[in-house]
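Below is one structure, written out as structure tokens; comments come after it.
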Amino acid sequence: MSNFFSLGRLFSLGNSFSHGVHPRHHKEQTENLPIQRVPFVSRYIMPLGQHIGVPAEPIVKVGDVVQRGELIARPKGFISTALHSPVTGKISDIGMHRYVDGSFKMAIEIAADPYATQQFIKIQTNSTNVRDMDIAEFIDAVQMSGIVGMGGAAFPSHVKYAIPDEQQITDLLVNGAECEPYLTNDHRLMVERPEAVLRGSEILRRQLGADRVAIGVEKNKPESITQLKKYLTTDMAIDIVPLEVKYPQGAEKMLIKSIYNKELPAGKLPRDIGIAVNNVGTIVALADYFDHGMPLIERIVTLAGPGVHEPANLIVPIGTPIRDVLDFAGGLKEQTREVISGGPMMGTPIADLDAPILKGTSGILAFTENETSRPREYPCIRCARCLEACPYFLNPSRLALLGKARLFTEMQDKYHVMDCVECGACTYACPSNIPIVQHIRTAKDNLRNRKAESH
Amino acid sequence: MTNTNENSKTHSARSQEPGSSRLIFSMAIAGFISGIIIISIYILTFDTIKENKARELREAVFKVLPNVSTMQKLHFSEDDSGADNKKLMVVKADGMDDEMMFAGYDQQGKFIGYAIQGKGPGFQDTIHVLFGYLSSRKNITGMEILDSRETPGLGDKIFKDMDFVGEFINLPMVKNIKAVKKGKKSKDNEIDAITGATISSKAVVRIINKAFNKWSPRLPQQGNEPVLAKTVVTKESGER
Amino acid sequence: MDDLLWIFISTLLVNNFVLAYFLGLCPFLGVSGQLETSFRLGLATTFVLVITALCAWVLNTYVLIYAPYLRLISFIVVIASTVQFIEMSIKKLSPSLFKSLGIFLPLITTNCAILGLAIFATNRGYGLVEGLTFALGAGAGFTLAMVLMAGIREETEINDVPALIRGTAFNLIIAGILSMAFMGFAGLFSST
Amino acid sequence: MATDITAYEEMIKGLWRDNPVFVQVLGMCPMLAVTNSAINAVVMGLATFFVLVGSSFLVSSFKQWIPKQVRISLYIIIIATFVTVVDYSLLAMLPAIHKELGAFIPLIVANCMILGRQEAFASKHNVKYAVMDAVGMSGGFMIALFALGSVREILGVGAFFGVDLFGANFEPWVIMILPPGGFLTLGLLLLFFNWFTERRRQFLDKVAEAERVAVAGVDKNG
Amino acid sequence: MKNKDPRLLLQSAPLLRQELTTPAAMKDVWIALLPASCAALWFFGLSALLILSVSIAGAVLTEWVFTDKEKRRFALSDTSAGLTGLLLGLTLPPGLPLWMAFLGGAVSIGLGKVIWGGLGTNIFNPALLGRAFLLGTFPIAMTTWGAAGGPGEFFQIHSSNLALPFMQGQYDALSAATPLGLMKFEHQSTALGALFMGNTAGSIGETSSLLLLLGGIFLLLRRSIDWRIPAAIFLTAALFSLIMFISNGDVYPSPLFTLFSGGLLLGTFFMATDPVTSPLTPKGCWIFGIGIGFLVVLIRLYGGLPEGMLYAILLMNAATPLIDRYTQPRIFGRKG
């Protein structure tokens, strides 16, 4: 009943963008739980293509013994990244394995050595100190570290740092918004390892030649803000920027709007206006890599949702089957209906619990009847809530109607469907329970295929 | 209509291309025949139509001016260069325009009153009104709607509701008349509007006022009324 | 002046050619599927209506007082040939204008709104200025009705209107509802 | 004999299957404008009948002599002549009704149905067929006018051909004789027509299916 | 080999939904209309109750009859058809023969909703379409008003209510003029107090400004309606009538009278804001509201009819597709 009258919305709170939605954040389940490490399990699956771009190329064969941290697949081309073994053990298979969406993808399976110490081997970089690297060396090093964006898209990070000569980065934006409900992995990272966040930011700022760093954090994470501020010293060119709690505050363009009040033109990248954006998780991975030589072999995953017995924030070796991680947290409740990888707004449903945790998996959320049952779909009553939700000022109502009628070209030409980032705010806001994003995804797929065919 | 060209192509392929003289010739023949037909029907119906129209007008005039048996049409023109410097002159032409009105006379040819026409916007469209006026008594003697497109069942009561029409019989016309809500009539120069058609009622009253104010300064002094010309329209016959 | 204003408002809103006089229904029902086209057709029709008012006035004042029985034939012939002449001149003088408006001209000439305007203007004894105002009001009213109709039809195109209803029946019903809405203008500027 | 039957069919098709209003959607303007009473509708129908039959007769009689290049102009002249004849005759004989039909008598010229029939039929067929076709088409037009005019008068005034039907207490549906009523009634009539045709088609399909089954059954048995 | 855990659903994100659902939005409007409907009973007695029930019945029955057999189970679950009936009923005069109210409800849904494809597809406000039809069809019955009574006369039903189908109502001598009629034809203003409380002649649900305002504010606070539409209507209507009032105060009403008389409040809060028939875009809502405000005063002051709210809304409904089309918001990161 607290939402019965929504007066609070009349007042604007903190730095922000226009439109967007205010789902309940549900972070109380996990926001105060310290990060734990999950024990090693017997079997790991490393899909070769768990990042955007070209899949990596295996350099091991079945039967090889690998150390934790050892390179097992190398990047194939520039938009590709390295893969390291998350565990000490033996390569048991290279072949098709289950992926989260239920399909089969090429992966390397590793049987863990139950008796190994699981010490990781450090990656050797050309210069021992990042301070001495030039940007080209830095980019190579990042590519070989296997670091990808941890903010969801899993885009190989080194590609972002390859700035064309005529461009100059002036600002580094660290994304600690974590606007997705339930997820607290970025939050815990900022609370528990603020020095790593700050240090990683400084490393990247120097390498990119940016003037300042801004770390944007939503106001519902006061502890993150105080922790970061506590470790902030005057010699760091870093600002901590509190942001209004609003979804999708963490989306790159929205964040840039909120912090710099700049509107990133459609079809442009942040670097075109002198900004580089990275998730805090990515930043910490960079810090760990350059300070300790640790490649991206584990990440923090939030386990939450009403279907999980013991919600937690866990350090999980990449490649751990999801079922094992869930079992560590007491398993799923009987009432669980759906398990999601990522946040409830943009995440993807998991079709098979035997699929592994990936570099981009920020959370495993389990939901029950309560969240998944829907009133039936009603016709669009043109209430305009989706328009007022869409941070990109698209017309989701129209897009859904056109999508239903399969008028894809009109969606593109007149209503710019391709500008949609599929944030789901419109669908969240729709009282008629219309699967707007689904219609949009179908249209986008269709248009992309058509374009591909015509080339 | 769109496949005209196509058809003509197939046609001309079959028959020989006719010369332009033949085209002109056939058009001329057609024009000629059609002219003959049209002119014949025109001539055939001319008298009846004219009489119909005259009768309609006459009946309207006789209805709004009681005890009248002959009438003639008067035309007003601004320039007074006409005969006898008169601005108001008897005319015989067919048709009507805004500058015309009628004078009515009794059996002895004595002048009785004027029939004045006016028009103006009503609820739907323009309303044409004719009303009789006795200048001697400053009285409106009756009102007739010549043409209107008011709503059937509502606005058309301005000529179907006899109570309303009756109010314009012997209505003193010293200053402007006024329409008031039904039952609110308290003065001589007030008219009870029709319930549900207040707007049309008011429109009729406004049209009468406007026409009256236009014509009353144009009317000659009492006793100076135009005399009955030789050819006039009487009750019994059309033209005499 | 007042009269001219009333003629204009009356033909534009109160006695809209399409919605109250039932003139020009063929294009109204047939060509109102697309907003862009409808608007251009409206403009072209307005143009032809103005030409028609001019022709009608010329014919009425100089020809038909001598031969009233030729009214219908002369209206048709003169309007059609004038429009055709103008169409040819536009094609020569401004091909772009021809492309956007001119292609409609042959379609319009056979339309009863055009003939209706000439006949109404004659029956009401309009002078030149009144006639032109009448034509402008009629054209603007036609364009307005056309554009509203086209907007509605485009909007309903993507809805699931029952298949049995779609088509002329539906368009007529929409027209009826529009006509009903325009009844609100009845008596405008005539009651005060 | 055989030709007679087809000429007759030529006429019948205009009445229902190819009804100019319900099926071809032609001549909408006069259709809607004058159908606020049954008598107006009938007079308009007769006028159209006269014009269409007359011009079809002329056009098909003289079709050999009409040059293709100027045929449309000739058709229009012929039609306009007939319309003028009707106009003057009505004015002379039925001035009251002429006043109500107003400008719509001359507008018969613009009725696309009439020109369309000359172009599509009369100019290609002999006199008998052309006249039968014209009779059928204008008959169909008249049926539509009459249906519309009757509905509108009965509901809108509570009368039929001016004869009071329901007594003084009847509440007339004024909108029926106003412009919106014209659009709505014709729209609903069309809807009904579509629905009826659809039902008939379904019914015929069913009958055909039943026959097929029956025949198949006979074959098997025989 | 399985490639999906049979236990798991694969609904794609977003999984979360805000609380509001379409039936709940409709319910809000029912709640907001409750005070005004109760006032209607207070002022117009059982007649009001009968008219409201009959018009709701007409609407609901029509919706039910025309829904596909498979969908019938849900057809009425969103309560929008009933809402249309209620809103129509609230705009009818208390002495209207019941059969007309029923016909109005049926036309509202039949012509106003069903033929367009059902909920959400209609261009014109169904309730107002029904009213426009009734007004055009039975203009006299629809403009004959009963005076507001009190609770003492609760059980007296207007004899005209009970007219047989297709027959005229026999009016007990009750005809009274509405505040707008008095203003238009007699240039008499009605006291603001009476307009506020609602003991004047008029449509069943339009008389009490106070309760309508209450309902409207409830909907605004619940964010069930777009605040721009009422704001634009009020501002435009007030401004326009202020200008006229200053130019000639004897003939033209004051802005307050304009806002609180007739159906302006009922129309503004409950009908102009019907999401289905109003523009989607924020700028469109402003234009829509300004158009209504302008048209309603234009029709009231210069038109033939004393009240213009009905037609103002219908006309702007007709323009809504055009408005929407030309007021698409500027997409983030794009020019113009």
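First chain written, first letter: the chains are A, B, C, D and E, and each begins at residue 1.
Rule of thumb we're sticking to: contacts are C-beta pairs under 8 Å (C-beta built on N, C-alpha and C of every residue); 3 or more make two chains touch, one makes a residue touch a chain.
If you're wondering where the values come from, they're calculated on a predicted model, not measured in any experiment.
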item	value
Intersection of the contact lists for chain D and chain E	B, C
Chain occupying the middle, per Cα centroid	E
Distance-maximising chain from chain A - centres being C-alpha averages	B
Highest C-beta pair count, chain pair	A-E
Centre-of-Cα separation between chain B and chain A, whole angstrom	85
Between chain D and chain A, distance of the C-alpha-averaged centres to the nearest whole Å	70
Whole-Å gap between the CA centroids of chain A and chain C	61
Approximate Å spacing (C-alpha centroids) for the pair chain B, chain D	35
Chain A residues counted as touching two or more neighbouring chains	none
For chain D, residues contacting two or more additional chains	77, 80-81, 84, 88, 112, 115, 174-175, 178, 180-181, 184
Numbers and ranges of chain B residues touching at least 2 other chains	1, 34, 38, 41-42, 123, 151, 153-154, 199
Pairwise chain contacts, counting only pairs that touch as defined	A-C, A-E, B-C, B-D, B-E, C-D, C-E, D-E
Of all residues in chain B, those that touch chain E in their complex	123, 151, 153-154, 181, 195-196, 198-199
Chain B-facing residues of chain C, complex	6, 10, 14-15, 68-70, 73, 110, 124-125, 186-187, 189-191
Touching residues on chain D, where the partner in the complex is chain B	36, 65-74, 77-78, 80-81, 84-85, 88-89, 91-93, 95, 112, 115-116, 119, 156-157, 172, 174, 177-178
For the chain C and chain E complex, residues of the former touching the latter	35, 147-148, 151-152, 154-156, 159-162, 165, 170, 173-174, 177-178, 180-192
Chain E - residues contacting chain B, complex	139-140, 143, 175, 177, 185-186, 304
